[in-house]
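Consider the two complexes below, in which chain A is the common component and chain B and chain C are the respective partners.
Coming up: the complex of A and B.
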């Protein structure tokens, strides 16, 4: 009797589990096919030589990685991504923080500013890139510059500042980094402002009572309280800026010069340009490792900060 | 008396510096505002000119404007088609994400089954691990499955992109939901699916709004998968169409700017209508993260 009961209970439990599992089944299937499988496939393919069409995948061991280590263009592209990231970290985040501080007080039109600063982040990289490409246009017609920036530089007498902004190797990458910052500072602004608004106002009152000026209050109250949020913003900025590439495609195109190459455009051109899928995967794996190391070290850093 | 003095003098000082401070702060904020808006203004303004005038006339408000570029972009430039495709992809993907992720998040939050934590952390881990170049094996997979140049292939890929974050958001929401209502529904004879549909989903409306908005922006603005998976002009969404158009009409800037305006306007309008949700969603994300 009790055995039969136990059996039917087990059957009931199994059925119950299956029904419950069926709730997550669609998500698990889609995720396994379109995320898990490619995830392992990128590691496997990075040890193969494959042209993307032929059925033959030749195992080459570590050869893709060894070649990558000696690929000068690859290392240059890493440097370019680091340069864009550096500008985003300094210029973009300083601007975002300054704007957040300015809006974290009783001022008029606060909501208006908040709405406007987040317009560039909601636009696509293609739209942003093509608008700025038009503004930075470097042609010359009927005795005047076509591009808006060059036209006004010329008009206000700064002829020496007129450049072929996007085709000159000296300025192209900086232009991309600045446009990237233009598109991105709204993110940091919103996040930092949200962080500033969680700071207890009584802390500011207490600092005032203790006779601290606004500068000392900033260093001794605002900054320490903001460290966790600042770290999050920094990590997101680094991960986002290292992987920027659609903006580059829309501003300068691809494959003309190496001055504006970043790792992801290298992966893309190894894949679509030279049909070296295995090499492209090796690049993806290597670059992914770099990014994981960066975010892990920030994670450790923020844990340490939280302990203190 | 001493106290009074100490109070009154600094307040006067504050008012003076406060005025200048406020003036400086507003100047700074307004300059940044102008930098945000001017490129968009320039885009619209250039889209209203002809190919002859756009290269020489630099006035802010050109004397003769016309809307012919929009008609031409919509018909000859194929933007009508691209726009329709973007609408199809965005609505299908967002519908799919809401359906699939709310089912999964509800189960992760309220139902019991073996391996629950394993599967949940699998989704969370996917968000933590950056995988640049994942489009390479994804392209191979889609090729093997014969899903290149199909709407369903692109839609499934994009559902996957938005899945993890949506599940996480909805699960945290369901976790905070009071169980009383579900108990009441169970008393009334509602099954699991009934509770999900009649109780959980209606209550989760604010979280679903955030998911709908962020995924809509994401799908509407997506470029790289659309490039790799869709080569047929009749299947391309706007972002892909813009790049194709730019490649073939590299000199017709007014027409290109009209295309850009067509691609950007819906996003800006949706953002302006929904900005409260967007900024709230982002702000809470910042504090949680």
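Coming up: the complex of A and C.
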């Protein structure tokens, strides 16, 4: 290739690259403005004391993080989120798996069930919260309970179970966790069902020929084949449950003392209630780190399981 | 069939064409939108007043040719966040309201987002100021030597006034054999006992929204110890463990132990509490004058009256929260400042205020528009003489102390902590924050 041709080739290559880049540019700009800039801004602000409006931002170094480390309410909120996550991991995923197994079989109206089980996840969290608040309502009129649950407990003679569900520290967080699980099990159900349907049916037939019963087939065929999907469902459940907050706001308003506080409600409260944006950003950064660590440990676990 | 070279050429042309289109979209898309000099924008949060405001905006356009674009952002929490975000990105509208604490109001002024309206209010022998309720104007006033170091003046325009009092359901009181609403705290407790005997819940309020419980506590703090001692506490001169503060906390313990509160009051949103009172599920309510409109919509047949919270200390008048209900400010960086001020002046004139009051059942900020308001609203209006509000106090408590105080009230109501325990915890936070402020 002559020198002139080479130059012209390079010029066209550069031109092509520039044109191609112009196609990607809008996405890059949008991503930078709405993701990368806020991400770094949160890190920066976590080292400042700022009320969110004032033009004066005071640099405080690690002060926000030190205060956070000694903030009992923050750690209690982490504990509460962990409790909700634990219930979601067990109750929600067990329910999702059981229903996915049921719908994987040849049963009547299985398409109908699939749609029904997927309704809660597509409902707005605010709507779900308000519906459940009405169900768990504790109040009465003309001697009769108005809340649906208390009304029926009373009607069937279980008066001792009639309860102030959302205003009692012993039950409020559990109620929120159960409602969260009810709302979230549909996602796990769909993913687990999709996973079950990818298992080769011949494996089940082979197990049957070998004389394995349904319980043994479940443990030795279904579970090992489902491990990757189960791990994904677990990671998504943990991340989703740790960040729950709309449901809490709609069910118990600004919370029952500190018994229903979770990290996101604390961040919100620091931002809008006490106007401490810097501190809220420090909370956000710390919480983000915790979530990243959880995700990474599951990723490591998943790799180990795959190797096994 | 064309040769591959032709396709290559067409492809090249198309790439060029789309490249130019993308650049144009990016360039012109980011250009600033042309601002119509005859249109002013107003942001508000009042769902119940939106239609009336739009109607008034239309009337104003017919009258002056200036178009007022009325944008609603509800609920109020979301609105507050929007205002803060808009301030951060300097895209506030010509007229908006600040729903936050006085400290935040001061931050908006300090940042140059609020116009000083003092001169406008004082024109023509202060005609505008004199037409409005003084306490409503005070909410938007920064006095000489204010703790926020804001230049003294009036920075907002109240479009209505409000106050928060207790309500009683006449039918339910009659059913319990109570002839007149209680006038003292002891009478209130007797009434609660009578109501319980016939299976009627006592007091309902939306204390899932903590500020309402805080307001109830503040009423009793003023009644028990007086404004000066409350202010001294905020300044750190009186501890929360003082016997008078214990008495304030004790109000909640007594009411809780006596079974005066409707079930679930601590987590009840105000909307649900309003529903409970409107549907006769509780005999007493604690709510603001805006609720007249809400109750009318929920149950037009509800027979109820308004009363001051029954005082504990008979020697001191009961103070209630009230004053300017909803106020608007003018954006100081707006190019249409004068047009915005003119609109607000027109909006608070007698005729417009009477229209707003009739349409939305809210107390007007213009005292001359009080003539044709519903009777329950008139009862609320009588309470205006007893009003006070954190926004007009000389000192305000630190927001972290308020949070601890309000959560403490919840703890007492659910029987988790004693008034003494809560007082100690609040005082601990108070001391910590004071140490931080003055190391």
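Definition applied: the second predicted complex is superposed on the first by the 302 of 308 C-alpha atoms of A that agree within 3 Å, B and C clash if a C-alpha of one lies under 4 Å from a C-alpha of the other, contacts with A are read in each partner's own complex, and residues count from 1 in each chain.
Criterion: a contact is a pair of C-beta atoms (placed from the backbone, for glycine too) under 8 Å apart; a residue touches a chain by one contact, two chains touch by 3 or more.
If you're wondering where the values come from, they're calculated on a predicted model, not measured in any experiment.
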{"item": "Room on chain A for both chain B and chain C (clash or fit)", "value": "clash"}
{"item": "Partner contacting more residues of chain A (chain B vs chain C)", "value": "B"}
{"item": "Which of chain B and chain C A:274 touches, first, second, both or neither", "value": "second"}
{"item": "First, second, both or neither for A:169, with chain B first and chain C second", "value": "second"}
{"item": "Which superposed partner A:19 touches (first chain B, second chain C, both, neither)", "value": "both"}
{"item": "Touched partner set for A:42, first chain B, second chain C, both or neither", "value": "first"}
{"item": "Partner chain(s) touched by A:141 [first = chain B, second = chain C, both, neither]", "value": "both"}
{"item": "Partner chain in contact with A:69 - chain B first, chain C second, else both or neither", "value": "neither"}
{"item": "Touching partner for A:223 - first (chain B), second (chain C), both, neither", "value": "neither"}
{"item": "Which superposed partner A:123 touches (first chain B, second chain C, both, neither)", "value": "first"}
{"item": "First, second, both or neither for A:293, with chain B first and chain C second", "value": "neither"}
{"item": "Selected from 62-70, 170-178, 206-214 or 224-232: the stretch of chain B that, after superposition, runs into chain C", "value": "224-232"}
{"item": "Touching both chain B and chain C, residues of chain A", "value": "16, 18-19, 23, 26, 52, 139, 141-142, 146, 272"}
{"item": "Chain B - residues contacting chain A, complex", "value": "22, 25-26, 28-29, 32-33, 35-37, 39-40, 42-43, 46, 55-56, 58, 99-101, 103-104, 106-108, 111-115, 119, 122-123, 126, 128-141, 156-157, 159-160, 163-164, 167, 192, 196, 217, 220-221, 223-224, 228, 239, 242-243, 246, 253, 256-257, 260, 263-264, 267-268, 271-272, 275, 278-279, 282-287, 289"}
{"item": "Touch list for chain C against partner chain A, complex", "value": "15-16, 18-19, 22-23, 25-26, 77, 80-81, 84, 87-88, 100-101, 103-104, 107-108, 110-111, 199, 201, 206, 208-210, 262-269, 272, 276, 279-281, 399-400, 403, 407, 410-411, 414, 416"}
{"item": "Residue ranges of chain A touching chain B (in the complex, touch as defined)", "value": "16-21, 23-24, 26-28, 30-31, 33-39, 41-42, 45, 52, 95, 98-99, 102-103, 107-109, 112-120, 122-127, 130-132, 134-135, 139, 141-142, 144, 146, 148, 151, 182, 186-187, 190-195, 198, 229, 232-233, 239, 243, 245-246, 249-250, 263-264, 267-268, 271-272, 277, 280-281, 283-285, 287-288, 291-292, 295"}
{"item": "In the complex, chain A residues that touch chain C", "value": "16, 18-19, 22-23, 25-26, 29, 51-55, 133, 137-143, 146, 164, 166-169, 172, 251-258, 269, 272-275"}
